[in-house]
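In what follows, structures are represented as structure tokens.
You will see subunit A twice below: alongside subunit B first, and alongside subunit C after that.
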Partner chain A sequence: MTRFLVRRLSLLALVVWGVVTATFVLVHATPGDPARATLGDKASESAVQALRAEWGLDQPLGAQYWHFLTDLVSGNLGTSFQYRSPIASLLAERLPTTLLLMLMAVTFAVVISLPLATWVAVRGRGGADIGVRIFGAVAQGTPTFLIGTLLVIVFGLNLHWFPVGGYGRTSAEHLHSLVLPAITIALGIVPMLVNSLRASLTDALQSDFVAFGHSKGLKPATVLAAYAIRNGSISGVTILGIQAGVLAGGALVVEKVFAIPGMGSLMLAGILGRDFPVVQATTLVFAGIVVVVYLVTDLSYALLDPRARLA
Partner chain B sequence: MSGASEGQPLLKVEGLCVDVSIQGREYAALKDVSFTVQRAEAHGLVGESGSGKSLALRSLMGLLPTNARVSGGSAYFNGTDLFANNGRNFRKIRGTGISMVFQEPAVALNPIARVGTQITDGIAQRKGLSRKQAREYAIHMMGLVGIPSPELRVDAYPFQLSGGMRQRVMIAASVACEPELILCDEPTTALDVTVQAQVLALFDGLRAELNAGILYVTHDLAVVSELCSTISVLYAGRLVESGSAAEVLGNPREDYTRALLTATPRIDEPGQRLRSIPGTTPALRDRPADYSFAMRIADHAPDSHSILEEH
Partner chain C sequence: MIPNKWLPALAASTVIASLLLVGCSPDLSPSSDGTGTPQAGGHLVMARELDVMTLMPADASDNESIWTIEDIYDTLIVPSADGQSLKPSLATDWVQSEDKLAWTFTLRHGATFSDGTPLTSADVKFSLDAASDPNLPSGFLNEQIAGIDTPSPETVVVRTKTAWSPLPSVLALYANSIVPANYGGKSREEFAKAPVGSGPFKVKNWTQGQQLDLVKNTAYWGTDRPYLDAVTFVAVADANTRATQLQGGQITVNEMPAASSFAALSSTPGLKASAFDSSYTSFLSLNNTRAPFTDVHVRRAIAYAIDREAILKAANFGQGTAAGSFLSPAYWAYDANVKGRQFNLEEAKKEMGLSSKPAGFSADILVASGNATQLTTAQILQSELSEIGITLTINQMEPGALRATRKSMDYDMAISNATTDITDPDELVRFIAAKSGGSNAMYTGYDNQQVADLATQAASLSDQAKRLKIYSTIQQKVNDDQPMVPLLYQPTLYSYSDKVHDFQPSITGNYNLVNTWLSK
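Entry: the complex of A and B
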């Protein structure tokens, strides 16, 4: 177990380094000058050059990369060009919002998918199956921003159940305003999750161990929960893990649509304002989240399946 | 069990018909099968693969696969009509009345539950046993079926036990509620010969101790002659012969029974070539509704002389 963790953590470091480097290259290869973007078209060339020198952008690329890496290793994420404040404090402000959003999205995805998949698997082929397949295909094929906009129109503008955007001030308001964004992200994951869960639950329901459970006279609900769903849901964890990237990408778009002050909107603002340090830091954090989710996925097998833990 | 009266057979199956639907067409997999099992009696249901013997067993448990259904006949357990009441009668008798030992413990035990739990979950739910009581009862049952040091194995998972131990766990689970009738679906097929003999001895002991009836499905006449006092021979979904084991095995009236007997390897005739029955039972969709053993012999006439003329 320790060796497994050490191996996985060193792999994690390698992946993060790769992401950070790729971002650095992309950010610097993209046209547009941060100093010019900050000062505006009317600023004099000398003022722009002075600012470039202040931010170290006049140095050779290799030197900039070296500074960036050494700062990163020592825990210094740099200072935002736009906000003129340390990135660490910006992240501390924004990260919890995004983490909460992702957590709610995963929860909604599971809460929607598991009962739906179970219902279809128990019913077998027929109307329910076809209905869920069509719903899945439509949900899968609809872009996140469109789903988000539709939800805003229906539940925000017409029914007034949830705020149209923003994040509110109190914790309760935070939660309330994250419901629609979280459902929007969840709907991007649900189709794959339902499909995989339905397949594995159908297999489990036809298995001998479910028949064995019934043969002992257990209540049908017990057999369904303890025998079929417990075995059938293991594959769902894989799908959830694989979808971590979709989750992160979803947060990016959805925070923009719903005006949520999270990591995603910070990153977008960074990209538009040529705010290199912000883009680099937010990419790093998103990459970190995805890699950690993969790690947690692997570890959760051990929790769910004794064969992975003990064999 | 209420309704039990002396003189009435434990299980009385009359005119049992099971249809299987394959790609929208219905095929008669069991036709007009009748037999009885008395208390403390082991009855052998003998036939090759495709004879319908496992379907017969599963229909008595209400555990037919989704594409199969009972299309005629009746089955009375202690005077209770099993097929009446829309299948609800099964729930009452599973575990305490009738229990089942499956063919492959490797797939019939829940892979992610501890064996002790699987032995006692039925009785624990019924009698409201505490966790500790259930564990003690599991250890007791594991000792009863000859699992050495049960207190060390009660918390093991199925994959941590050998095939023989797993089958003993399955047997312990099926007798945990002290059923009156044990259905056995070729439970020794997956075991090697020495373990097979031990398991058969175990069944014989349980039959005598619990005064339980045993319905033993197998293709292995050696097993039948060892355990069963009465036999029914199935061929292609029809009963071809039945009677006491001594009668049927000693003086078979039907060609098919004779062929089965000839095909059983004998230890007292060393050096004999293994003899087989020519051909196989065709799959349901490939055989005429009135398919008989004579037709199979006719189809394989050139190579069938030897086996029928030796008698």
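Entry: the complex of A and C
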């Protein structure tokens, strides 16, 4: 188990290094000067050059990369060009919001998918199956921003059940504000999750161990929960793990549509304003989230299926 | 829009204006929109595309920061709402010396910062000295200031290097807002996070990138103002979200709704939609340093081939007017007689015939990606310029990349815009004529020494009528050279709850929330 963890962790560290390096190269290769973006079109060229020097942007790229890496290793994420604030404090405000959003999105995805998949698996082929397939195709084919906008119009503007975007000021308001955005992200993963769960649950229901459970005289519900769903959900965990990147990408779009001040909106503002340290730090955090989810997926495999432990 | 005829009476010399207005409240003149007696109290929530980047006046370069700063701080002088004159603010009067090399300002008696500290000439000297650092975004505007003297706590003398009329206008610039001397004992960084000004509102709480809460400054020198108890600015990047938030009652003011939604917003019950005069002018920038745009006949042909009314209708949904001069009617120096080369295909073909490329050529046009107005404009230009043999390729670029490309002059044509920070024409004229600031003559590379000399001469004169004459000549000469094609003069759009009254952004964009009130 320890070897498994060490191997996985070193691989993940390598992935994170690759991502931050690629980001560093990309932000510097993209046309657009952070100093000019901060000072505006009217500022004189000498003012722009002075700011570039202050930020170290006049140094060779190799030197800038070295500073960036050494700072990163010592835990210093730098200072935002635009906000003139330490990135760590910006992240401290934004990261919890995005993590909560992603957590709620996963919860909604599971809460919607598991009963749907189980219902269809138990009922077999028929109207229910067709209905769920159509729902899946529509949900998967609709862009996230459109789903978000529709939810806002129906449940925010017309029914007044939820706020029309924004994040509120209290914890209760935060949770309330995140319901629609979380459902929007969840609907993007539900179709794949339902398909995969349905397939594996159908297999599980036809397996010998389920027949054994029934022959033991266990109640159908117990067999379903303890035998079929536990075995059938391994594929669901894989799908959720693989979708971590989709979740992060969804946060980018959804945070904009719902005006949620999370990592996604910070990253977008950073990209538009050529705020290199913000883009690098937010990419690092998103990459971190994705690799941690992969790790947790691997570990939960091991919990759900003992055969995976030595893999 | 602003009437094309500027009013000569309003354009009287700043000295006379100041003498007439001595002792008057500056931006507190009755400006009721005729919707009842102002009521005190209430909390206004405005959603804007971006959050404030900085609350340090001299560091600001984005509109969100600038317009917020004007609610927290005061300047010595403020422009009138229509931009045609200047009004007292912290300075109650000002006078230019006989040798024209110094201006004496008398400070308002009893003005204090929001923490109760009296505001004196020492604060003014400190603020203006700090803002004149050439490495600050607007530092170049103060380059004519030679020094500042403080003969008494209520008197400030600003010396200029040469006789320079735009000084009062420049002192009305947000960057020249008055901060406490030595930042009230704080470091510059500490002050920037928790600033103190003398304006109608003070900062209560600021979560960077998200939300800024202002509350009424009870120590404000303007009697009975502001009416509002609190103002919150929230950052809502998506225009549709801002519009639905306004409809849902979550916000009170939506900054800059899409022009396409303006008609619908105007007819929504409970909402108002207004187009305010602004200095915003859109241009077709032509790269004068690259052939065939080095040829004046090519540039003139392009100007003649463009139907501005078609652009106004299709790309801007009728919001604005077709432009003539590069100076918009927002300036007192605007010359309505400079009508520009308006749509005339025959003339366009004639100019092409005189040019180095009579058979036409291919060129590209830079458009900011995600900007529907620019894209539609470019598509119209593509179709119209094909009539004179110009094959236009539309090149969409992310705004940051576009800015860099335009800056390096590696382009043929681009859609640009200009706004003004000061109401004196000097800033924009120097941008175009003297390559001042960083825009390389509005990204055209235009270079005409005669125009540059005229600009310098105009700034040195005190007589407004004489200045006006020179600015008319400049507008005519720039029109003859046609370094760019002015397209439209555009208003600033806002939609807001019908409970909002006396919301009257000025032509420089300042919200003037000091006069705004909410009905219950």
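Basically, the second predicted complex is superposed on the first by the 308 of 311 C-alpha atoms of A that agree within 3 Å, B and C clash if a C-alpha of one lies under 4 Å from a C-alpha of the other, contacts with A are read in each partner's own complex, and residues count from 1 in each chain.
Quick note on the criterion: a contact is a pair of C-beta atoms (placed from the backbone, for glycine too) under 8 Å apart; a residue touches a chain by one contact, two chains touch by 3 or more.
This is a predicted model, so every value here is computed, not measured.
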| item | value |
| --- | --- |
| Joint occupancy of subunit A by subunit B and subunit C, clash or fit | fit |
| First (subunit B), second (subunit C), both or neither touched by A:Ala269 | second |
| First (subunit B), second (subunit C), both or neither touched by A:Glu93 | second |
| In the superposition, subunit B vs subunit C on subunit A residues touched | C |
| Degrees between the directions from subunit A toward subunit B and toward subunit C, using C-alpha centres, nearest 10 | 160 |
| First (subunit B), second (subunit C), both or neither touched by A:Ser44 | second |
| Partner chain(s) touched by A:Val152 [first = subunit B, second = subunit C, both, neither] | second |
| Which superposed partner A:Pro31 touches (first subunit B, second subunit C, both, neither) | second |
| A:Arg3 touches, of subunit B and subunit C: first, second, both or neither? | neither |
| Subunit C versus subunit B - closest C-alpha approach in the superposed model, Å | 49 |
| Contact residues common to both interfaces of subunit A (with subunit B and with subunit C) | none |
| Footprint of subunit A on subunit C - complex, ascending | 47, 50, 53-54, 59, 61-62, 134-140, 189, 192, 207-211, 234-238, 240-241, 244-245, 247-248, 250, 398-401, 403-405, 407, 421, 431, 436-439 |
| For the subunit B and subunit A complex, residues of the former touching the latter | 58, 61-63, 65-66, 91, 93-96, 99-100, 102-104, 107-113, 121-122, 125-126, 157, 159-160, 170, 173-174, 176-177 |
| Interfacial residue positions of subunit A with respect to subunit B in the complex | 124, 206-209, 211-220, 222, 226-227, 230-231, 234, 304-307, 310-311 |
| Residues of subunit A defined as touching subunit C within the complex | 30-33, 36-48, 50-51, 82-85, 90, 93-94, 149, 152-153, 156-157, 160, 163-167, 256-259, 261, 265-266, 268-269, 271-274 |
